[in-house]
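Below you'll find the structures, each written out as structure tokens.
Look for chain A in each of the two complexes below; its partner is chain B in the first and chain C in the second.
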Partner chain A sequence: MMTIFLEQILNGISTGAVYAIVAVGMTMIFGVLRAINFAHGEYYMLGTFGGWFVISTIGLPYPAAVIVGVVVTMAIAYVIGRFVMQRMIGMPEEGSVVATLGIALILQNTVILVFGGGYKFFSAGYIEPVFFGDIGIAQQRLLIIALCIAVFVGLELLVTYSRMGKAMRAVSQNVEACAVVGIDVRTVVLSTFVLGTGLAAFSGILTAPVNVSVYGGMGEIITFKTLPIIVMGGLGNVRGTLVAAMILGIAESFVAGNFGLQYRDSVGFVTLILMLLWRPHGLFSARARF
Partner chain B sequence: MVADNTLSIRDLRAGYASLDILNGVTLDIPQGQFVALMGPNGAGKSTLLKTIFGMTQHKGGNIGWNGGDIAGKTSRHVLGQGISYVPQGRCNFPLMTVQENLEMAAYTIRDAGVKSDRDYVYDLFPALKTRRSTLAGNMSGGEQQLLEVAMAVLQRPKLLLVDEPSVGLSPAAIGVVFKELIRLQKEGLSILLVEQNTRKAMEVADRAVILRLGEVIWDGRPADISHDELGDLFLTGRMRTEHETSRHKETLSV
Partner chain C sequence: MTVKTERAILRAGTLALFSVLALPNLVKAQDIVVGLVSPNSGANARYGAFAQRGAAMAAEEINVGGGIDGRMIKIIPADSICTPVEGVSATQRLISQDEVDFIIGDICSSVTLAMQPLVEDAGKLLVNAASSNPEITYKAGVGGYQHSFRNYPTDEIRAKAVAEYAVEKGYSKFAVLSVDSDYGRGAITYTRKYLDELGAEFVSEDYYKEGEVDFRSVLTKIRNSEADSIMVYGLADTTPIIARQMIETGLAGKLPLLGNGEFSAEATIQAAPKAMEGAIEAAAWLPGYDSEGSMAFVADYKAKYDGEEPNNHAYGHWETMHMLAEAVDAADSTDAEAVIAALQGIQFASPMGTITFDDHHQAIRPLLMLEIREGEPVITGSVAGEVTYSEQ
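Let's turn to the complex of A and B:
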């Protein structure tokens, strides 16, 4: 009994780690642009597809495929950032909703047109289990947890010490003051967008060996799971996102294990409804941003 | 080209989209002068500062500075030319510490002097030094206004544009802010100040410029204009003639 309980927690943490890496990108993009990126899950999908493609065609080893998937996604995001996201600066919210939903449709359907709509098999990564006493967990899941910690430590260092990271915080706090001190908001928005989508892609390829299947529509559910996380964490709040993602990951793992897999995806939506009713600014202080 | 640190505005017209606010402003600000820009609401005072700083739509005329024309240029360009702007209302990064705000202020400057500049600003504003680890948003309005002036100083400007620094401040805080502005002027900065508190503005400035409906209607030494005359200018755009003044007195005596 205890073993199952601990396994569920561990699996929940690794699912939470995947969500955290995707969601932190979305929350940072919201921070600088005040817009929800409804195409965020599509970059998760693009990264996974990029990785799958180079593994299944030229047989690249998994670590190299991770890099290719992330870099290709960031390159695509750069183009979209230049032509679409930068134009959203100072625009009303409706514009960004329609634009990012449109991008989601275009990316999803382009991938389906090129690679077909069927499921692909992702056969790479480290899926051998390791055992701690009776508790077994796939190596890949441990890798995901370790890399999630690395990502958040890295982001914390970035926004605290680097010039661009500080500018990202500055843009999220006061755009007018940025103009006054000479911060180029357009460049900061583009950098944040490319970084955030790169993280989504990274998360996608990291979790692909565990999820096994790759398909064009896989990003949608990720976007909609990311929403309750960034609301729970407080929009724009990096640390809050990590905690919220862990809560959702563990809650899903428990629901799937004790009530049935079919209820798992409803956890996020129930959470979103409860949060919006109870604490629309998130679990933490409304002022805690990155 | 000879660097000329006189700001010379010629027939400047600017506004927002289809709205014209400045209708041909002509004004010279020699180096080191402290100019108070006054006028009734809607006269275009703030718009003039914003236009100099490249934040409105430029519609005509020019702004000579440093041997070039900065009219219609971006804020980043103007900032790079040695003109800093302290807008009205709170304009800092509320979730960053005072120290971080000062770091952000020097964002465009990348040389070794930034740190010694910061020490210099801390000497200039000791109140900020004691608050260096405090989040800017947690400070009082007066302290935040000082921080914003300090941020502008860190950009090593030759001309400082300051928009209504006294709004929302206690009389004591206003005193501190103005004292600092005077000190900056003594160090050679030119200052263009927009201020509703005319009494205070006239007290500190070398020169008063009165704007009405987007045009300069009076320009001179504060000593040369009384508060009554200032009021007339604000309301009617001209001073009363002697005839009107005597009639006014008659009316009052009746």
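Let's turn to the complex of A and C:
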């Protein structure tokens, strides 16, 4: 009984790690822009496609494909950031909702037009399982958990010590004051956006070996899984996002294991509704930051 | 150039572009127009691509041979994305804008069920080539919809055949892991009808949504249950994901997969050979089927589409297009009523044997049983396809 319990927790953590890397990018972008990036899942998809493309066409090894996927996505995000996201500064929320939903549609359908709508098969990665007693887990999933921790340590260091990180925090607190003291808000927004989408792409390629299939619409579900996490974590809160992602991952795992797979996705949506009703500012802060 | 003139040019350009796009499809009056509804985007797009290619190949063969009394077949594709809402509006467009003579579609049962009343009201003819939910023909022919036909085996037969076969092989405790749709749930509902009779049971029941990628939790549960096999009526693209995660959770080689979900596809077996070994599937057709017509189809298809191996939906739509053409030829008209009468009486010589329709407009055709042995699909038998309609 204990082993089953532990295994379900492990399943939850491995799912939560994926959510966490995607969600932290989305929450950082919200922090500086006050805008929910509804196209976030599409960058996850772009990264995966980038990785899949170089592996299947020129046979690049997996680690190199990870880098290519992230870099390509960041380049696309730079262009979108430059022409769309920077204009969102100081815009009413409706503007960013429509703009990011539009970008999501464009990215998704461009990929479908270029590569076709069918599922692609992602064959690279480290899918051999390792067994701890009865509990088996793919090496890739252990890698994801380890890299998730690394990403969060890195982000923590970035926002605490680096100049850019401090600027990001400043912009997320008060845009006008930043402008007064000479922080280039536009640059901060652009770099946060490129970093956040790069993380989404990173998560996508990391998960591809265990998820096997790659297709144009794969990002949608990720965007919707990410929403309850960033609300639970407190919008713009990096540490909170990690905890919230793990909570959602583990809760989903228990629901799928005990009630049925068909109820799993309701966990996120029920959480979102409850959070918005009772603690719209997140689990970890007593009052709203924004 | 001032901003104003720039805008004016842009506006005029956009207008011109849209007016070109809005021009009706140029259809010659004597063409026979067939609307083909299938999921061309979304999670089931791969199925849709097979359907379109199979049907296009049949149409080309017919047209090269001089068409039907000199009239050419023209296919208008429509995208259902495998959702009833999209499928209905795609069908509506085919009927009212493209003014098609016949409609072939959809692959997804949920969409086909939604299309039936629409086609009935419009007085057109719907021939389905790929949906397996039993309701579709329970409600057709003497069951109600005169304008619906199905040239594909129903899950009532498949459910029974798979369960019987599994019990014969010594499996009786099934863990259900099917797709959450009319197809996945329908197959399980019809399996349940035969459980008592066969002395088998469902140990657990889980349904996954389209696009699901994380099966670890549910597979962990199944491993710790008493199940001796996993019953999957699922999507072809999801089978490799389940199979790979079975290896991960230590289920591969212990619990075989039973049901349907392209277990026999080369890519699926390659993705996780250990998990697919011993899998039992009932399929309408598969590329390895040993008949002259079927082998010729596979060879022609591969030659036409860059060596791609056809799946059963490519075959089904190819065969159905030929069958429809024969019915139109026999009716000597594109009038729906005349073609319906022709289909009711048709004795279509297909590569799978002669196909006829029962009074529910359900094709009487065989279903193949196959098993994966040493990484290769082996046909172990076939099941006759006549349905006994029970009271509902």
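Criterion: the second predicted complex is superposed on the first by the 285 of 290 C-alpha atoms of A that agree within 3 Å, B and C clash if a C-alpha of one lies under 4 Å from a C-alpha of the other, contacts with A are read in each partner's own complex, and residues count from 1 in each chain.
In this section, contacts are C-beta pairs under 8 Å (C-beta built on N, C-alpha and C of every residue); 3 or more make two chains touch, one makes a residue touch a chain.
Source: prediction; values computed, not measured.
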{"item": "Touched partner set for A:I137, first chain B, second chain C, both or neither", "value": "second"}
{"item": "Touched partner set for A:D184, first chain B, second chain C, both or neither", "value": "first"}
{"item": "In the superposition, chain B vs chain C on chain A residues touched", "value": "C"}
{"item": "Chain B versus chain C as contact partner of A:T110, first or second or both or neither", "value": "neither"}
{"item": "Touch list for chain B against partner chain A, complex", "value": "53, 55, 75-76, 79-80, 84-87, 91-96, 100, 103-108, 137, 151-152, 155"}
{"item": "Interfacial residue positions of chain A with respect to chain C in the complex", "value": "4, 7-8, 11-12, 14-15, 112, 116-119, 121, 123, 127, 129, 131, 134, 136-138, 141, 207, 210-213, 215-218, 221, 252-254, 256-258, 260-262, 264-265"}
{"item": "Chain B contact footprint on chain A (complex, rising order)", "value": "163, 166-167, 169-170, 173-174, 176-177, 179-184, 287, 289"}
{"item": "Residue ranges of chain C touching chain A (in the complex, touch as defined)", "value": "40-43, 45-46, 48-49, 177, 180, 204-209, 211-218, 220-221, 224, 237-238, 240-241, 244-245, 247-250, 267, 271"}
